[in-house]
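Two complexes, one shared chain (chain A), two partners (chain B, chain C).
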Partner chain A sequence: MSSATWRAHFTFNRYSQICARALRQSLKESERVKAEKRGLTALRYQHWENGQGGEQVYLVPPEETEKPKGSAAV
Partner chain B sequence: MSSLRLLSTVARRAPSTFPAGRRGYAEAADKIKLSLVLPHQSIFSSADVVQVNISAATGDMGILANHVPSIEPLRPGLVEVVESGNTSKKWFVSGGFATVHPNNKLTINVVEAASLDDFSPEAVRANLQEAQRVIAGNGSEEDKAEARIEADVYEALQHALASK
Partner chain C sequence: MLARRTLARVGSQPSVLGAAPTNARNMATLRELELRLKSVRNIEKITKSMKMIASTKLAKAQRAMTQGKEYGAANAELFQNAPTETPAKRKLFIVVSSDKGLCGGVHSSVSKATRRVFAEQQEIDPESPITIIGDKSKAQLSRALPKNVALTFNQIGRDVPTFADAAGVADLIIKSGVKYDSITIVYNKFISAISYEAATLEVLTENALKESPGFKAYEMEDDFTKDLSEFALANAIYAALVEGHACEISARRNAMDNASKNASDMINSLQLQYNRGRQAAITNELVDIITGASAL
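Then we have the complex of A and B:
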């Protein structure tokens, strides 16, 4: 927080997460693998109005993969 | 006028509530209860410690027992905990808040922390070079601001690792 120029672009929460991510990327290899999982955010939100749900929006869009979806049906 | 007189009587009475022994700074007999917690782990949980050194946004400071209540945002930097005697443990924290409560309790909430042995100096150097490259490049202002924040963290980390 030497010169808080980031306040023009980010919220404090985002700033916190950037610092945490920087710390995690500097760990030794063994520790880093465990720590990277903590940085993962998987969130979907949906705006409701008049009892109708709107479109479900990913906060962080997932990458498109070719993996076929597994089925839990027995 | 009466409130002023009341204030002075209160001030005269205050010293008698202190413990009988004089408190010297060299041999701090009192301890402060420290809770150093991360979202996923709690390093200290109401543990008695002698002194805690933190790097607050307003400057580095040391917190002893019976510190005045205050709330300090933390820079990415070291938190050093002196539990007893001359030994101390250090953690590098990414940022958070240190809160001294009125009842001799200290709560430090940080997002990420690791002891200095868990860091790889080569990774820090490489990351710092990458961040400086982005700052000097011609990306968007947001990318540059992000890189500046990361560069601050890496520089603080290098400084901490150098003074291990």
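Then we have the complex of A and C:
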């Protein structure tokens, strides 16, 4: 087994998620659509110190859509 | 002050105030009853539709749960054969709940179980860290045990949880550098479509696995042990997430079912009251007309 240099950068879970994503993207169109749903995550997290919550961060930032949110600011 | 008089008192103190105000008060009460009836009918429609939605989601959630539990079973097999000698002092608690309400006692069942474990102290370090998945339990536990909360997650549970969610949670916990000797996952165990109860899953850390005699019988490279412990954590979190999701949907279905039943009972009793009130008003008017006519 070649020296696994990925271990220095991320965990095994991340490694398996990357491989899974590669596999899903290589599937046939119909199967791919079904499989993509299994890879979705909208997780948000925040660190807590002494009973105070920190800022909420998206694990996978949602993509920016074309339409900007309606705002009264000019 | 006049408006404060209840219907009962109006009945027991007759005719001091004359017919017109009494009629006016009855009409006001009739109007109130009508409004109340309309709003309870709306609520019944809403809770009925929520129950329908939850019933359709339940089938899918249960299927995902039976598939997801296999992951947890694989873990259990491993940890059964590699038990630890020393009991863990400092445990990391992962509390699995969700963001949405209107689902009965699902969130408080998990929060209460966690608080019970802390109260029974024995060998648990009172500074044991807690990570919470789900805003509802986060609100409850951040009030009860604020110093122990280390990390919280949300936006899980809208749809059936995916392994990507569980892997993300596991990674963040490992990267956050929180210290612990073993991990306890507190979740709701699905007993049947109408009942659930809080349960725990134990996951061993990398060090605990290395120390365990059952594991030492094999020669394992450190790299692989670390991978195994990380993957085992993600597995266990995934199993707990899907089972908790199924419990939440079935609890929501039952809660909305009860709410609809209560609402329809209320509608029946309000309708009867309304009819009685309407007929009383009509009778009063008739009496007025007839006494007026006979006086001529």
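For the reader, a short list of remarks on this structure follows.
The rule is short, and it goes like this: the second predicted complex is superposed on the first by the 62 of 74 C-alpha atoms of A that agree within 3 Å, B and C clash if a C-alpha of one lies under 4 Å from a C-alpha of the other, contacts with A are read in each partner's own complex, and residues count from 1 in each chain.
The criterion applied here is as follows: a contact is a pair of C-beta atoms (placed from the backbone, for glycine too) under 8 Å apart; a residue touches a chain by one contact, two chains touch by 3 or more.
On a predicted model such as this, the values are computed, not experimentally measured, just so you know.
In the superposition on chain A, A:40 makes contact with chain C only, while chain B stays out of contact range.
Of the two partner chains placed by the overlay, only chain B lies in contact with A:9; chain C stays clear of it.
In the superposition on chain A, A:50 makes contact with chain C only, not with chain B. Within the superposed three-chain model, A:27 lies in touch with chain B and out of touch with chain C [touch as defined at top].
In the superposition on chain A, A:18 makes contact with chain B only, not with chain C. The interface of chain A with chain B overlaps its interface with chain C at residues 10, 16-17, 38. Remark: chain A residues 1-2, 5-6, 8-10, 15-29, 31-32, 35, 38 touch chain B in the complex. Across the interface of their complex, chain C is touched by residues 4, 7, 10-14, 16-17, 37-48, 50-51, 53, 56, 59-60 of chain A.
Within the complex, the chain C residues that touch chain A are 142, 146-147, 149-156, 158, 162-165, 167-172, 174-176, 223, 226-227, 230-231, 234. Residue ranges on chain B touching chain A, taken from their complex, read 39-40, 57, 73, 75-76, 92-96, 111-114, 118-120, 123-124, 127, 141-142, 145-146, 148-150, 152-154, 157.
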